[in-house]
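We call the chains A, B, C, D, E and F, going by the order they appear; numbering starts again at 1 in every chain.
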Amino acid sequence: MDHLDRLIALALDEDLGAAGDVTTRALVPDTVRGRAELWVKEDLVLAGTDAFARVFRHVDPEVTVTFSRRDGEACAPRTVVATLEGRLASLLTGERTALNLIQRACGIATLARKAADAVAGTRLKVLDTRKTPPGLRGLAKDAVRAGGAWNHRFGLFDGVLIKDNHIAAVGGSVREALRRAKAHVPRLVKIEIEVTTLKQLDEVIAEGADVVMLDNMDDEQIREAVRRIGGRMQIEVSGGITLERLPRLGELGVDFVSMGALTHSARAMDLSLEIDIARPRA
Amino acid sequence: MDHLDRLIALALDEDLGAAGDVTTRALVPDTVRGRAELWVKEDLVLAGTDAFARVFRHVDPEVTVTFSRRDGEACAPRTVVATLEGRLASLLTGERTALNLIQRACGIATLARKAADAVAGTRLKVLDTRKTPPGLRGLAKDAVRAGGAWNHRFGLFDGVLIKDNHIAAVGGSVREALRRAKAHVPRLVKIEIEVTTLKQLDEVIAEGADVVMLDNMDDEQIREAVRRIGGRMQIEVSGGITLERLPRLGELGVDFVSMGALTHSARAMDLSLEIDIARPRA
Amino acid sequence: MDHLDRLIALALDEDLGAAGDVTTRALVPDTVRGRAELWVKEDLVLAGTDAFARVFRHVDPEVTVTFSRRDGEACAPRTVVATLEGRLASLLTGERTALNLIQRACGIATLARKAADAVAGTRLKVLDTRKTPPGLRGLAKDAVRAGGAWNHRFGLFDGVLIKDNHIAAVGGSVREALRRAKAHVPRLVKIEIEVTTLKQLDEVIAEGADVVMLDNMDDEQIREAVRRIGGRMQIEVSGGITLERLPRLGELGVDFVSMGALTHSARAMDLSLEIDIARPRA
Amino acid sequence: MDHLDRLIALALDEDLGAAGDVTTRALVPDTVRGRAELWVKEDLVLAGTDAFARVFRHVDPEVTVTFSRRDGEACAPRTVVATLEGRLASLLTGERTALNLIQRACGIATLARKAADAVAGTRLKVLDTRKTPPGLRGLAKDAVRAGGAWNHRFGLFDGVLIKDNHIAAVGGSVREALRRAKAHVPRLVKIEIEVTTLKQLDEVIAEGADVVMLDNMDDEQIREAVRRIGGRMQIEVSGGITLERLPRLGELGVDFVSMGALTHSARAMDLSLEIDIARPRA
Amino acid sequence: MDHLDRLIALALDEDLGAAGDVTTRALVPDTVRGRAELWVKEDLVLAGTDAFARVFRHVDPEVTVTFSRRDGEACAPRTVVATLEGRLASLLTGERTALNLIQRACGIATLARKAADAVAGTRLKVLDTRKTPPGLRGLAKDAVRAGGAWNHRFGLFDGVLIKDNHIAAVGGSVREALRRAKAHVPRLVKIEIEVTTLKQLDEVIAEGADVVMLDNMDDEQIREAVRRIGGRMQIEVSGGITLERLPRLGELGVDFVSMGALTHSARAMDLSLEIDIARPRA
Amino acid sequence: MDHLDRLIALALDEDLGAAGDVTTRALVPDTVRGRAELWVKEDLVLAGTDAFARVFRHVDPEVTVTFSRRDGEACAPRTVVATLEGRLASLLTGERTALNLIQRACGIATLARKAADAVAGTRLKVLDTRKTPPGLRGLAKDAVRAGGAWNHRFGLFDGVLIKDNHIAAVGGSVREALRRAKAHVPRLVKIEIEVTTLKQLDEVIAEGADVVMLDNMDDEQIREAVRRIGGRMQIEVSGGITLERLPRLGELGVDFVSMGALTHSARAMDLSLEIDIARPRA
């Protein structure tokens, strides 16, 4: 059971508990079989197909789920993207949980696609953040890539990001913070440090880091920062970034822009499951 | 460990893994203590305070979290709603996961408040659905109530909701479906049935149910349905409901209107944690 | 893993631990195959067949378990109800845990059948309670239905049952208790309230509830209560109910009678597994 | 979390699920405190006090449970054996699960006491078996000792018990079975072997074992078996043992008699929780 | 999931976390298949084959692992002991965890073989202890038997071992300690007691035990102890035992010698996985 | 429960199972209290103190464990490094599991110290690998740092390490492998690539990577590689590294040398727990 399986088990448990799907158990005999189609109902970028299929594997390993489209494909309304076959009861019991997952994944991928399109042709890459739906970090990160944006660190374990509080904890010295990080963290994680002023930036340049994050700077400040850094570090811009501002940032010479909104405020997209009782084959 | 604790454990595990918060471990000595304030940054209805506090209990039971506002209270920007004290390292490590939870809960409560306000003064109650963030059903349902809307069933286990596929599974007869439900489900769950036409409605009226759901009907059809039902069942309206349509529905004499958007598309609200290194007391 | 799987995993873990079945491991080579028959040894109503089969799936997915009888069938002594095939070692290792489950399920179903027979021909339905073997709620509830009796609520989550302490907690007012329940609980759960006097009953009638429970009343009181209620609520009788009293209750016009004894004191029925070493097929 | 904690977590989860105790949540404010007494309602031997207390620790660590009687004490009706204090809501939520556990434990202890009394003054010890309520092995074994009877092996891991199928698996030779067991099992577990005929017994005597189980023998056969064994092995008698037969067995010179009924068919004893809303202290 | 599966799940989780194998995911398409051979690189006794295979079952149930050698076989360098087929990505992801397990198991089995060889031809059996790698008790115990040594008790549950602190806890009396043990422990576990002086030994002889452990005695003391015991109990020698001392102990007439080093200090043996991209079959 | 807690729970479960510590339960009353000292018995570097203490917290939260020395301190024989107080039964039950953990951690730290000392004064850092005891990755990595060596990546998630099979999977091109890695992995993990020839090295230099691993090269090859790289990447040397070879490597100008032996073959160090029954305070 990897993390996604654990989340699915939890989601099914909150929907079924020990008492189960009382409606289906009362009305749908175990012998009745069903077919279903997963319909896209609005323009979207597909994501979360693996999670959707796994829900039914948890509910009943004999349900088959076959996707005809893959994560990352743009789909128009009225597209059928998957077909399902199996016990009707299992289709009904898994439906809501599976939809809850794929609708959110598609929402994120679709928003990420919009952001990626906004910087197309520039060197700028749009990054996600750790502001993901709790328990769905992996699903969200996969959806971001499916949409064409890029992943920042996955969690607190695969990248160092030094913020003001970390610096304060070592006595206020940017230099000391960077030195301790270089001394103690595993050899293959990069060190990024957040700065809010050009003065802080100079200290970072003096000591060296892998990436610097320019937090909440306006275009003018960013332009000056890029000039001072002179290619010695990668540059990330962060803080209140909107889709509208992206094209302009693409021209400033920074490497990355991170957007929490990709994962914290994407709405659920409209997909639905059309279920039929299977006709026995002649 | 109840369900919320299991979700929090999962969320922390995806953020920390076995390797942990490498930045904090490298930079923040265990002896440094911190204080923090949780700031509201936009108009919102507070919810998810319990989840926020529990995250820190998972990270470090010695962190204290004290809320001065309660779930359901409307808060203006620049309100401090909680203070935290404990090891600085623990505050930094739990920050993102705790914010991810409360920001979503507040988003749902704030939207629920808008919906509840839209039907104020009518008999109509706005209900949520099972379209909740996977793993966060309880958090979402609590936030809905904090906002002033009402809970439909929690999961598949605490209410019968008969849809077209269930009816098809028993051979297409509304009557047979209702009879089986009455015969097999636990004695204290109510039976609701979905109808899309007035003809189906007549069958339901003939056989009797606790609640009838009018799915995707226009105002005219709803008015006629209410007339035919004549108070013998509770009435729920469902399907593509927007905040704008709510006031008009309030005048039609139905009991409930369910809105998936309350929980599937609420955006995260802006709250942030301001952390300081604690000054030792003189 | 649903709840029954979790219980089975726990039961196997307490029987096997990390050290396992030392006798079988020392004596039975993995290559020896076996066949077994599950024999009924006394008159009983069959239940728990799914749990029995699942135990072997946990021990060894290659064991096949085929039942020729179904839950709810009455079986006479010397009936073979299932055959098993697989590694002899797996049959021996799973035997006791599988029997422990099915023997208890059959005990409950057999007692439930007796209770159901005692009220046959009347409108009275015999209900179970939450007095089930801890960890086996679902198994017990299924066995009750297999026997022909009915399920009260499954747990604390799928029905409201207001008792004296709940009433006291809101200041002693039956009316206030019912109002709060109506205001706060999910829309599809019914509200039942327990009364011990006719005076309390009158308050309930005034405020309205879905079901009223007459606790520990004698036949005379029950008769009077039925008269006052006049069909406006469903009526449950509870408290010290014996099989002997059931037929008389059937004539009083109440809807339900709940019996804790169905699940808290059913004895284990006698079934045994006859195992043979499998002869290779010619 | 040891095994009992895992069972309690499972039992609470089946009673509460993700939705929780909807009645209590709707009616009992978190600020109301309660006191409760645990009353014994019939003659019984107390057992399961630890399990009872732990349930409330799971529900709410701030509830205090204080027992004035200990496992193994005989209690008369109308004895108060424990007092509880804490949030009224927590007392109500944990009540049923806690009672379900202690009522079963007391049932086993009380039956074990009857069996122990029936052999008092003889060398015979009454043993339990592995026919325990699934998930409650430890609780049941503790209750057996509280009643004054003795524990056979706990599970398949702490004792070797060779039955006919094990012998068949090594080719039918009692001698070979015993040799393999002696060669392969951990050094501190004893080896017991079941025999159904005196001929088999002679083979066992020739090869040597720690304990021999005489299965389904009548008094005459048992007497002869005891004579042949002549003190070289411990002797257990098993199969269809009733309380009535125990005194006679006590005179035959065997060491142990095992009774499945101690744990598979003990009924739940009557204990109840009397809860009051706590008066604030003046 | 038995204990080994739980350990494997934990080991994979610490290696993969929620973020997974980032290298393989970026570089190895899911459609590429691979073959691999498991090579022995130094003289060793094979063990841990089941654990090795299970790792891949956790990673991807479609990987096949076929061993041509069995636990307990001595293997020379350059022996191929298993072949694997499946998705290349799955082979790469599981490789390290699977090797970590089998390398340790082989280390233990190889050391156990040396110890067993050192006492060949004597009645002395070399036993392991509970000084095993945490979480790997079963793997270690199986490896000990594969090497030809014997298992002492598995854990604290399947054998009584009375040490000085236990004796002190009952007031210092060896006699009282043995009596309580005989009175309270399950009937099929043996009672062993540790003695450090001949005086203590005499007390044990007087009261009787199943096994006596002579702790840290020299050859002379052991010889005298054997003489006094005179065959009435089994004898275990323990404390600072080296491979060199074993042959001499074999002549002293003791039954067992226990060596913690078998499992606490065996080094990892050299085995490696040679992976190739599978050629498609013509 | 973080990963270490999960491993401890597993280790205690394999030692205790559902049946528990039968010796202690039979002999040591719950009211007897004890004190203990943890003694170092040979020269070692201390590590694993947190794991040691946590074991007792799992067994009994009321046991106090107080260390007077910290991870990383060198300790001579006969040093007392911790004192414990609590129920004697809890001390006895947790003793072996706690020792099994700290003895292994100290073994790793002591070996890491030797390696660190061997390169003191050079720029070379000794790294660990992923060849850690399964389930104990974190404990082992912490012990490596306590000893003064450095951590390579923690798992497959916090660093990219491209090996020959990954290159083969993309068609054999080093360039393509590096490009895909740069395109797909999270922004804060570094990319390391393994080369076995100078020709491969040239390809890596052409495309660029963060770190290059020179696998199984002799000193001459390493020297040439360092020259060609010319400071453009960090350099790791790997493959069959012994303590003896370390000083020489320190002079070659490489940055890191990784040694699997640090964690896969460290032996357990000798520490023991001296337990006494606590004298009541006067």
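By our rule, a contact is a pair of C-beta atoms (placed from the backbone, for glycine too) under 8 Å apart; a residue touches a chain by one contact, two chains touch by 3 or more.
What you are looking at is a predicted structure, and each value in this text was computed from that prediction instead of being measured.
Participant: Can you name the chains that touch chain B as well as chain E?
Facilitator: Chains touching both chain B and chain E: A, C, D, F.
Participant: Which one of B-F, B-E or A-B makes the same contacts as B-D, at least in over half of the residue pairs?
Facilitator: Most of the B-D contacts reappear at B-F.
Participant: Report which interface contains more C-beta contacts, comparing A-D against E-F.
Facilitator: Of A-D and E-F, more C-beta pairs in contact link E-F.
Participant: What's the distance between the Cα centroids of chain B and chain C, rounded to whole Å?
Facilitator: 32
Participant: Hey, how far is the Cα centre of chain A from the one of chain C, in Å?
Facilitator: 44
Participant: Could you say which residues in chain B touch two or more other chains, in rising order?
Facilitator: 3, 13-14, 16-20, 22, 137-138, 154-155, 157-161, 184-186, 189
Participant: Given which chains touch which, is the overall layout a line, a ring, a star, complete, or other?
Facilitator: Contact map by chain: complete.
Participant: Enumerate the contact residues on chain B facing chain A in the complex.
Facilitator: Where chain B meets chain A, its residues are 3, 6-8, 10-11, 13-29, 32, 34, 88, 92-93, 96-97, 99-101, 103-104, 130-138, 155-162, 165-166, 168-170, 177, 180-181, 183-186, 189, 264-265, 267-268, 275-277.
Participant: Spell out the residues on chain B that touch chain F in their complex, using ranges where they run on.
Facilitator: Contacts found on chain B: 9, 16-20, 22.
Participant: Under the definition above, what is the set of chain F residues touching chain A in their complex?
Facilitator: Against chain A, chain F makes touches at 125, 127, 145, 150-154, 157-161, 184-190, 192, 210-211, 234, 236, 256.
Participant: If we count contacts the way the header does, which residues on chain C are in touch with chain A in the complex?
Facilitator: For this pair, the touching residues of chain C are 1-3, 137-138, 141, 154-155, 157-158.
Participant: Which chain C residues qualify as touching chain F in the complex?
Facilitator: 13-14, 17-19
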